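Note that the chains are named A, B, C, D, E and F in the order they appear, and that numbering of residues resets to 1 at the start of each chain.
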Amino acid sequence: MTKKRRPTQLRETSIQRGYPTAAAGSVLITMGQTRVLCTASISSSPPPWLPKDPDTGEFTRGWVTGEYSMLPGSTPDRKRRGPDSRSTEIQRLIGRALRAAVDLEKMPGVMITCDCDVLCADGGTRTAAITGAFVALSDAISHAMSEGLIRENPITNHVAAISVGVIDSTNHLDLDYPLDSNAEVDMNVVMNGKGKFIEIQGTGEQGVFDREQLNGLLDLATKGIKQLIQMQKKALKTTLGSCK
Amino acid sequence: MTKKRRPTQLRETSIQRGYPTAAAGSVLITMGQTRVLCTASISSSPPPWLPKDPDTGEFTRGWVTGEYSMLPGSTPDRKRRGPDSRSTEIQRLIGRALRAAVDLEKMPGVMITCDCDVLCADGGTRTAAITGAFVALSDAISHAMSEGLIRENPITNHVAAISVGVIDSTNHLDLDYPLDSNAEVDMNVVMNGKGKFIEIQGTGEQGVFDREQLNGLLDLATKGIKQLIQMQKKALKTTLGSCK
Amino acid sequence: MTKKRRPTQLRETSIQRGYPTAAAGSVLITMGQTRVLCTASISSSPPPWLPKDPDTGEFTRGWVTGEYSMLPGSTPDRKRRGPDSRSTEIQRLIGRALRAAVDLEKMPGVMITCDCDVLCADGGTRTAAITGAFVALSDAISHAMSEGLIRENPITNHVAAISVGVIDSTNHLDLDYPLDSNAEVDMNVVMNGKGKFIEIQGTGEQGVFDREQLNGLLDLATKGIKQLIQMQKKALKTTLGSCK
Amino acid sequence: MTKKRRPTQLRETSIQRGYPTAAAGSVLITMGQTRVLCTASISSSPPPWLPKDPDTGEFTRGWVTGEYSMLPGSTPDRKRRGPDSRSTEIQRLIGRALRAAVDLEKMPGVMITCDCDVLCADGGTRTAAITGAFVALSDAISHAMSEGLIRENPITNHVAAISVGVIDSTNHLDLDYPLDSNAEVDMNVVMNGKGKFIEIQGTGEQGVFDREQLNGLLDLATKGIKQLIQMQKKALKTTLGSCK
Amino acid sequence: MTKKRRPTQLRETSIQRGYPTAAAGSVLITMGQTRVLCTASISSSPPPWLPKDPDTGEFTRGWVTGEYSMLPGSTPDRKRRGPDSRSTEIQRLIGRALRAAVDLEKMPGVMITCDCDVLCADGGTRTAAITGAFVALSDAISHAMSEGLIRENPITNHVAAISVGVIDSTNHLDLDYPLDSNAEVDMNVVMNGKGKFIEIQGTGEQGVFDREQLNGLLDLATKGIKQLIQMQKKALKTTLGSCK
Amino acid sequence: MTKKRRPTQLRETSIQRGYPTAAAGSVLITMGQTRVLCTASISSSPPPWLPKDPDTGEFTRGWVTGEYSMLPGSTPDRKRRGPDSRSTEIQRLIGRALRAAVDLEKMPGVMITCDCDVLCADGGTRTAAITGAFVALSDAISHAMSEGLIRENPITNHVAAISVGVIDSTNHLDLDYPLDSNAEVDMNVVMNGKGKFIEIQGTGEQGVFDREQLNGLLDLATKGIKQLIQMQKKALKTTLGSCK
C-alpha cells in the first residue's frame, strides 16, 4: 500500500499536535503505517525521591520519564496487554532521550511522564515515539509554564530519532517492518538539534558490521534526523486544540 | 467546550470505521469528548477450552471476548497503566454484550477479541465501547468470512449501549463526566436492534430509586439506543480503508 | 435433597448472628445449600485517603468496603484460591450496596471491611453475602459505638438482596445453581427497607428480555427482599455470643 | 472466656464431620476458640507430573497436598487475604504430615487437596488443621473408593498433631494464643497411631532448650496426640451428612 | 569425587571469611560439594516497624533477617530464578536461628540482612547457610561497631547448624544429596555455643521415628555442631580482606 | 585499593574456568573488583516454540539465552532481589551477543541458558558477563557434544565485550564504578574474534558526542576486546574441574 521509496528516503511522516486526549501535551505521529500516540502528563504530586535543598526543603530538580506500550490491535497477531522485556528496554531509551533535551534543574518539583502508545506497528515505533514525544513534552512544558509550575523554559534542544539498517548489503533509512525483519544490521540513532549524538544502539541481528558500514549508517541517520527536526519545528508553530 | 444540549439528547457522536490499525476490525467512536478505539482481532489459534465434537474432534463453538483499558493520557490526572477492579468489571460487561449479538455455534473454532482502549475519557466510556466494538466485531467477522474461517454470518442482531441517570431529579441521557459525577442514579443499558434488553445495570450512587424513575430512565435509554443503532447501520455501509 | 419449592418462594433461609470468629461482627447466612460467612472488621488505623477537614486535620468521613471469596471446598470441582474477575465484580457490588445503608459522615475516620467467604456455593452467593453482611456490619457498628469510635448510629436503612430470573419462560425467585445455569434472564436486585432500589443488575445470559418481563421480575424481587429484611430484623433482636 | 485448664490438659475439642460444604470430605475442628474448616477435594484431572508406568502409560502413584489460609475475620486485627511466608511454611507441613498417613501407590492417578481454612485463630491452628484434615482426607478417600477411583484403602495409619511449649519454665500442652505469645520454647509434634513421630518442629522463640526439656515436651505431646486420635476414631464412626 | 567418609563424620568443610563482595560481612562456606555465599548487609535506613521509645522517639531494638536463594547453576537441572515455597520456609529458619545469637536491644535502629546464595547444591544448604551466615553477621556487627552504629557487641553466643538422618537404619551426620534423597528420617538441628538447642526440625520423609532414634540423631548433631563452632571461632580469628 | 592504571588499560582481569557449580559450563570472571559468575546450563527438555521440520517433526534449530542478576551483597547498599528494568535490558543484550557466536542450526533442539550472577559490582558488569558467559557457553557446548546432543560444533566465533567512555573529555577503557558515575559518554561494545561489531550501545548520559569522539572510543574498545579474546583463548586451553 505504501508508495515505493528510495533507501535514503524517510517514509511519509506527519506530526499531528493537539490530538484530542486529556493530557497536557498530545501528539499523533505517523510514519508510513506506523502510528504512535504520544501524551505528556504533568504529575499532580512530585515524586518523593526528587532531590531537595537541605536548607529550604524545596525540590532542586524535576524529572522526565517515558512509558511505551503497543495496543493489542497494533499488530496483525493480537498483542497481549502488559509489559514485556522489549517494552521495558524501549521505555528506558525513550526516557534517556527526552531527558537529554531538558535541563532538569529548571523544572524543580515537576515530573512529566511521556506515554507512547503504538496504535499501528509497522517498524520504527521506538524512534517515532521519541520524535513525537519530544513535541508532546514541549507542549506539556508550555502548559506548566502557563500554569506557573515552571518559570524558565527547561528545553535545551530538539531531540529526534530514526532507525537505519543494512538490507541486502544496502544501507536503508527508516526501516518499516518488512525491511527490519530482513536487516543484517539494525541501528537506532537519537540526535539533538545541533547534530550531536545522544544515543546509538546498533545490533548485528543477523550479521556483523565494520567501521565503514557504521559510518555509512550514521551519515544516513544524521540526514533523516535533520528532516524530522524540521517537521517538529513546523508542528510546534501550529495552533493547538484539545479535548480538555 | 461542548455545545449546550438537552437532557434527552445524545452527545455529538461519530463512528469512524476502518481507523488505521492492524486489526481485522477497527473503529474509533467519539461521543462528545469521549473517544474509544475499538479493535477486533481474530485469534490465530483457537483457545483450548472451546467445546469439541467428541466424534469428529472439531470445534462446535467459537468465542467473543472484550478487553477494556484507559490510556494514561485519557484523564487529566494521568491514569496508571494496568488492570484494576473497575476495568475488570467493565470488560466482563463488554464481553457479555457482544456475545448476545452473535450465534457462537456459527463460528466454530474462531475466537475474536474486541479491545476497547479509551483515548479520551469524559464519561460513558463503557457504553461507547460496546457501541463501537459491535461495529469492529462486524468487520472482523466479515474478514473471517472472506478468509473462509466462518461460513455463515453469526451476527444475529445489532447491539448498542448508553448511560442514563438522574441529576437534580431530572432524567438525563448519555452522561458526560460532570453529569456522571453528580448523578443520584446511574444506569447503563444494553439493547439489541429489536428493542429488547440485553443488560441493565442501575446503581443508586448517591441515592435510591423507585419503579417510576426506573421506567423513565429506560424510556430515555431505549430512545438513545435506537439512534445509536441507526449510526452503526450507516457506518457499516461506508467503504473501508486500513493500515494492513 | 432440597424440598420442592414454588417459583415464588425463597429457599429455607437462616441468619446466624454471632458466629464464632474474632471479628467485630460475624454472621453465617444459609439459603438452601448456599452458606456464606460474613465478618465485619473495624480497621485499627484509618485509611490515608479518607478526606480530612483542612482546619482541624480530622477525618470528615468513614468508609465501608466488601471482599468476596469462595473457599476451595465450596464447589464440587475444587475452586482455586485467589481473586478472579468474577469475584472482583462481586465485591465491588457488595461494597456499593453496604455503603448505601450508612451515612459515612457519621463514622469519621472509621473503616469497616465486610468479608464474605462462601463455605458452600449453590447459587445466589452474592445476594446472600449482601443480606448477611448488612447484619455483620450492624454488629460491627454497635461494637464501634460501644468503644466510642462512633458517636451516632450511621445506619440509615436496612439493605438486602436477592436474585430472580426467567427459566423456561417462568419467573423464579432466589435461583439455586441448577436454576441459575438454565436461566434465560438472570437479575440481582438490591433494595432498602423502604422498598427503594439500590442496585439492579439484569443480564440476558441466554436470551433477551422486555419491559414486561422486567416488571414481573422486579415484583418478585421486591416481595423476596421484604421477607429477608424481616429475617434481618429478627436476627438483630437476638443476643450475641462470639469467640472473642 | 475459656475455663481454667491444667497445663497438661487439651483444650475442649470437637471434630464435626460432614460439615456442609461441597467437598468430598469436610470437617470443622474446634479446639478452644480455635476453629479450622478442613475440606478434602478430589481433583477431577490428575496432575501431569505424577509418575507413569512407561509400558502401560498409567499412573503409578497418587498425591495428597495441603493448603492453609486464615480468613480475614479469624483474627482481631483483620488478616489481609493472600499467601504469606508463614502460611507457605504451614501448608508444606500439613502436606508432609498427611502424606505420611497414606500409601500413595494405592491411589494411582488420584490427587486429593486438603484445604485448611482458619475461621477463628486462637493458637494451634496448624496442628488442629492436621488433626482435622486427616478426618476429611479419610472421608474423601472413602468417597473415591465408593466411586471406584481407588480400589484398596491407601490409609496406613492415623495422623494427628499438637503443640507443646515452655511458659515460665513450665511445660504446657496445646498452647492457645496467650500461652504461645509468652512461650520460651514452642514445639509442634506430629505423630501416627502407633506412637511414632512423623515430624518435630521445636523452636526456642525467646530462649533455648536442652535435652531434658525436650523429653518432657515430647512426653506431653505423645499423651495429647493419643487423645486426639481417640477423638478422630470416634468421629469417623458417626454417620455423615453434607450439602452435596 | 568426595572421599569416602564415615557416617559420623562431617564433610570436608571450610569457612572463607572476607570473600570479595561489597557487603559488610561476606563468607563462602564449603561443605563437600555444597557451597553457599553468605553476605551480611547493614541497611542504610532502619525499617519503619522497629519499636520506638515513646518518649525519646528513638529505636529501642534492631533486627536481623535472612534470605535464601539457589543460583540457577547450583543444580544439574537448572534452577529457575525467584522465590518458591521451599526457599520461603528456609529463610524463615535462617532468620530465627540468627536472631537467637544476638541481643536485638543492643543494636537499636540497626537492621542486618544475611543473604545466603547457594552456588553449588549437594545437600545441607540450609544448615551450611546458618553456619556461614553467623560468621558474616559477626563481621557486619564488627563493621557496625567500628562505624559507631552499635556501641556494645550484641552477639550473645555462636550459632551453627547441621543435618542428620537415618539411611538404611543407620544414623548419618551431614547428609549430602545422595544420602538426603534416601533418608528415612531427615533432621536439621540448630544449636548455640553452650550446647543448647535453638531449633529442631525432624521429618520422617519416607518413614517414622521413635524416641530412641531421635536421641541417637541428636547426639550426632551435637557432636557435629561442636566441630562447626570450632571452625567458626578459628575463621573469626583470621584477618579480613574484601573488595570494598 | 586498585592500582593506578592508564585510561587505555584494562583492569586486572582473570577468567576462572570450571568454577565449582553444577552447571555444564561455569566461569568466574574478575575485572578489577567486578566479579561475575557465569554458568551455562543445558535444558533437559527443548522449549516448545523451537521451529520444527514439518516432515520429520524434528527440531531444526536450537536456542541460546542469557539471564543477568546482581546478588544482594554485590553493592554497598544491599540490592533487593528480583528482576528490574535495568536487568531486563541487560539480559536481552547478553542473549543477542551470545547468539551472534553460534550457528543455532547446528544445535537443533538444544537450549542453553547462560546465567550471569554478579557477586561484586564495580562497573562493567554487563560486558564482563558477556566475556565470561562466552567461555561458559563454550564449555556447555563441549559437554553437549560429548553427550551426543550436538554433532558439529556450532560456535562460529569468539565474542567479548567492553565498556568505554569519556570522563573529563578523556577517552577511557573499561570503566569502573567511579569512572562510570562521572562519564559524559558511556558506551558498551560487543565484538567478535574477527574484529567486527556485534553490538554498539552508546549513551550521552550527561552529555552528547560527535563522530570524532565516537571513533576514538571505538578504537579503544577494539583494542580492549582483542586482549579479552586472547584471555578467553588462553582460559579455554586449561583443563577443567567442577563440582559435578
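Quick note on the criterion: contacts are C-beta pairs under 8 Å (C-beta built on N, C-alpha and C of every residue); 3 or more make two chains touch, one makes a residue touch a chain.
Source: prediction; values computed, not measured.
If you take chain A and chain F together, no chain is in touch with both.
Interface repeat of A-B: among D-E, E-F or A-F, over half of the contact pairs recur, by residue number, only in E-F.
Centres computed as Cα averages put chain A at a distance of 50 Å from chain E.
Work out the mean CA point of chain B and of chain C, and you get 29 Å between them. Centroids built from CA atoms put chain F at 59 Å from chain C. Along chain A, no residue makes contact with two or more other chains.
Chain contacts in this assembly form a single closed ring in which each chain touches exactly two others.
Taken in ring order from chain D, whose neighbour in the chosen direction is chain E, the chains follow as D, E, F, A, B, C.
Put simply, chain D touches chain E in their complex at residues 85-86, 88-89, 91-92, 96, 100, 192, 194-205, 208-211, 214-215, 218.
The part of chain B that touches chain A in the complex is made up of residues 1, 20-23, 26, 33, 35, 37, 39-41, 43-44, 67, 69, 71-78, 81-83, 113, 115, 117, 119-122, 243-244.
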